[in-house]
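What follows is one structure encoded as C-alpha cells, with my remarks underneath.
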C-alpha cells in the first residue's frame, strides 16, 4: 500500500521546476525530496544557514556543524554555500524561494495558516515558519487531510493563532490536491479511489468542485 | 596586543540582571564553555536573546534548567520542555519572535538602525502593539532593535585580534550578535596569530571582539 | 548546468528604460565589460543605481558620457564632471543618497523588507518628503527599498553555479545588488567548476545569479 | 615653519586612545595618521569596505582592488578584514567608530556641519559623510580656520546645506582647539603665538573663552 507520505510527496514534487530553490519543513515536507523526477533538480535551503542541503550522512560521517533546521545531521552538496541568519532570512523574506512546503494544524479557505501553537497546550514558537510563509513565492501545505481524531483541518476559518494571513497557495493531502483561490479552495485532483463526496465529508470548508477532476498521481 | 584572556577574566564580567545574547541554533554554534561559566557563577535574572532555548542539558537550555533566566527572547522553545514548563508556571517570561525578525532586530542594534519594516507576522498575534505601515498594497510591521550587555560567540577560528571565521551551520546568529552588544566574548575552537587569516575570509572583523577564550 | 553564457546572450538582455544596478566604488569592483556591452548596444533612458558615477572614461562614467542615463541614484558624483554638467543642464536627474542609506535601501529590496529607520540625514535636505520617527530621544528617517531590473556584478571568482567571491575593496556594493534585481549578471575574473569553492568562503550564493561571463 | 596640517594633525592624534577604531576623511584628516604617538595604535576604517587601512604601497606594488575611499592605492595591514558596503556602514552607523575626522566648509555653534555641497556651484554628493557624522561616537573637524578669501568658516549658523545636525564635538584648526558644547564653542587651547583675540577675529561664532587657555601642541 502506498503511504500518505508517498502520495503527498510525489504530488508536491511535480509542482517544482528545474532549478527551483525550495525550503522543506520538518516531517512530512522533508519527504518531498525523495520523489523528484530525474529531470528536475531543485536546490534546498536550510534556514539555519545554507543552501545545497544534501541527504543524511552515513553513520560515523556526521559533522557536528552541519545540521538541518530540525537539528538533524545532514550534508552540504557540492556548490552549496553557507551564510548567517540575516542572509538566510533575506533569502526567505526576499522572495528568492520558489516555494516552501510546510505542515499545518489548520488551514482555511482564505488561505490562512495555523501551524505554530495551540494556546495552553503546545507553544513551541514559530521559528522560521512565519517568515517562510510570508516570503516564499508559493506556500504549499503538506499534511494528512484530517486530524488524528478525525476532525477536519481544512476549515472555513482557522481557530488557532495564525502563522500568516492569506498566504497559502496549495494544499496537498493523501486524499487530494487543492488550490486556494480568491473564490475559495478548488479541488483540482483526487487520489485514486477517492470521490469528491469523500473529501468534502472530511473538510469543513466548502470545496469548489469543477466538472472534471483529474486523478492525483 | 592579544584579546585572548583567561577563564577568570570572563567569569568576572557576568552579573545578575544582564541582557545576554548567545549564538547558536539548537545548540549548534553555541559557546558551551561560556554558558558553563554562567552556570557556575549562578548569575540570576538574566534576559537571554538567542534563537532557541536548546535542550535540557545543552546550549542555552542549561541556563533554563538552572533557573537563571527572567526572560527569553527567542524564536523557538519546542526542544526544551523545561522552558515551556517555567513559562506556564509564570516563572519565566518568553517573548517569541519570528526567526527572521529576530535576526533583523539584532542587526538593527549593531547597524545603528532604528528598526525595519517586515511583512512577517502581519495578521498574526506578532503584530500586537506594533506600528503598521501599508504602501503599494503591502503591509509591514515596524520591528525595533534588540541590544545586549554581552554577546557570547562560538567561532571555529579566531585570530588574536578577534577576527573570526565560522564553520557551516554553526555560523547562524553569531556574526549578528557580535555587533549588537557592549561586550563581545568569543569561544574559539582554534586560536591563530593575528595576520594569519585572509582579510577576505573573515566573517566577523576583530573590531567587534573584546575577549577570546579557547573552547 | 552551467550559468556561464556568451557575450551575445547578455547583450540580448538590455533594453531602453531599464533600472540597472552596477557594482563598484570609484570603478573598483565595477564590471567594465558589462558596462561596455551597454555602451555598445546604445540603450537609452536608463536609471542607474550605483555608488558613484565613476570617471569620464571608467566605470559607470562611460554611460554618463554616452548620455544613456535618465536618472542616477548615487551617493557621489564628484569624480565625473560630466555628471554634474548634465545635471545642471537638466539632462540627467540625480538623486543623491547617503552611502550607508543606499546600501540599506538596496539590501531592503533583496531581503523583502519594506524599509529601515536610519538616523542618517536627519536635519538635512535628505529628510525632505520622508516620514520621520522619534522614540527614546532619537529621530530616524524611513528609507524605502530600491529594486532593479538587472544587477551587474564584478566578482574575482565565480563557480559555474554562480557562487561568488570578491577581492578586498572590490566587494563593496556587489553582494547587495546581487540580491535586489530580477536578473543578475556576473563578470568574473576567473571561472571555476561548481563545487570547487568552500561553502564558507562564498560571499554571494549562486542562487542569486543568472548569468556569468568571463571578464 | 610648522604647516597647518602638522599642527592640526598632531593635536587630533592626541584625542585617540590605544585601540580606537577611526575613520579619517580625505585630505587634511588623512594626515592625522602620521602624527600618532608611539604608544597609541589605532585601527583605521576605509568606508569602501575594510578595516586595517595601511600606508600607500611602493610604486609598482599597487593592487587594483585595494584602494581607500578616495580611490587611491593603499594597503591592508595584517589583521585587517574586508566586508561589503552594508557591513561597512553598519560599523559607521552603529557607533563602532570611536571617531571620524572630517573637513568642513562651515561648522556652527550648535555643532551643525556643512561639508558636502555649495548649491549651484559644487554638488559632489555626500558619499559616506552623512553616515559618518551621524554614527561616529566623536566627530572631529580638521580644517584651516578661515576660508581662502579670509571669510570665517566657524559661524553662528551654517548657511550651506547641512551634512548633519548637532553632531560636531571638536574643531581643530591651525589656530586652536575648540570643543562644541550645549552652551556654544569653548576655546580650549591656542596654537603658540595666537591670542584669544586673534582667533575670535577670524570666527563669526562668539567663542566661550575660559580664564586660562592651554597651549596647543
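The first chain written gets the first letter, and so on, giving A, B, C and D; residue counts start at 1 in each chain.
Following the convention adopted for this analysis, contacts are C-beta pairs under 8 Å (C-beta built on N, C-alpha and C of every residue); 3 or more make two chains touch, one makes a residue touch a chain.
For clarity, every value in this text was computed on a predicted model and none was experimentally measured.
Q: Using direct touches as single steps, what is the fewest number of steps from chain A over to chain D?
A: Minimal hop count between chain A and chain D: 2.
Q: For the chain pairs A-C and A-B, which is connected through the larger number of C-beta pairs in contact?
A: Result of the comparison of A-B and A-C: A-B.
Q: Measure off the straight-line distance from the CA centroid of chain A to the CA centroid of chain B, and report it in whole Å.
A: Centre separation, chain A to chain B: 29 Å.
Q: Distance from the CA centroid of chain B to that of chain C, rounded to the nearest Å?
A: Inter-chain centre distance comes to 32 Å.
Q: Taking each chain's centre as the mean position of its Cα atoms, how many Å separate chain B from chain D?
A: 35
Q: Got the chain C residues that touch at least 2 other chains?
A: 104, 107, 111-113, 118-119, 166-168, 171, 199-200
Q: Would you please write down the residue numbers of chain A that are in contact with two or more other chains?
A: 50, 76, 82-83, 86, 89-90, 92-93, 134-135
Q: Tell me, which parts of chain A touch chain B in their complex?
A: Interface residues on the chain A side: 46-50, 63-67, 69-71, 76, 82-86, 88-90, 92-93, 112, 123-131, 134-135, 161-166.
Q: For chain B, which residues are in contact with chain C within the complex?
A: 104, 108, 111-119, 133, 135, 138, 140, 142, 144, 165-168, 171, 199-201
Q: Enumerate the contact residues on chain B facing chain D in the complex.
A: 1, 107, 109-113, 159, 161, 163, 179, 194-195, 197, 199-200, 202, 205-208
Q: Enumerate the contact residues on chain D facing chain B in the complex.
A: Going by the criterion above, the answer is residues 18-19, 21, 41, 43, 45, 50-52, 76, 78-83, 86, 89-96, 134-135.
Q: Write out the stretch or stretches of chain C touching chain D in their complex.
A: Listed in rising order, the residues are 25-29, 51-52, 74-79, 84, 87, 94, 96, 98-104, 107, 118-126, 156, 166-176, 203.
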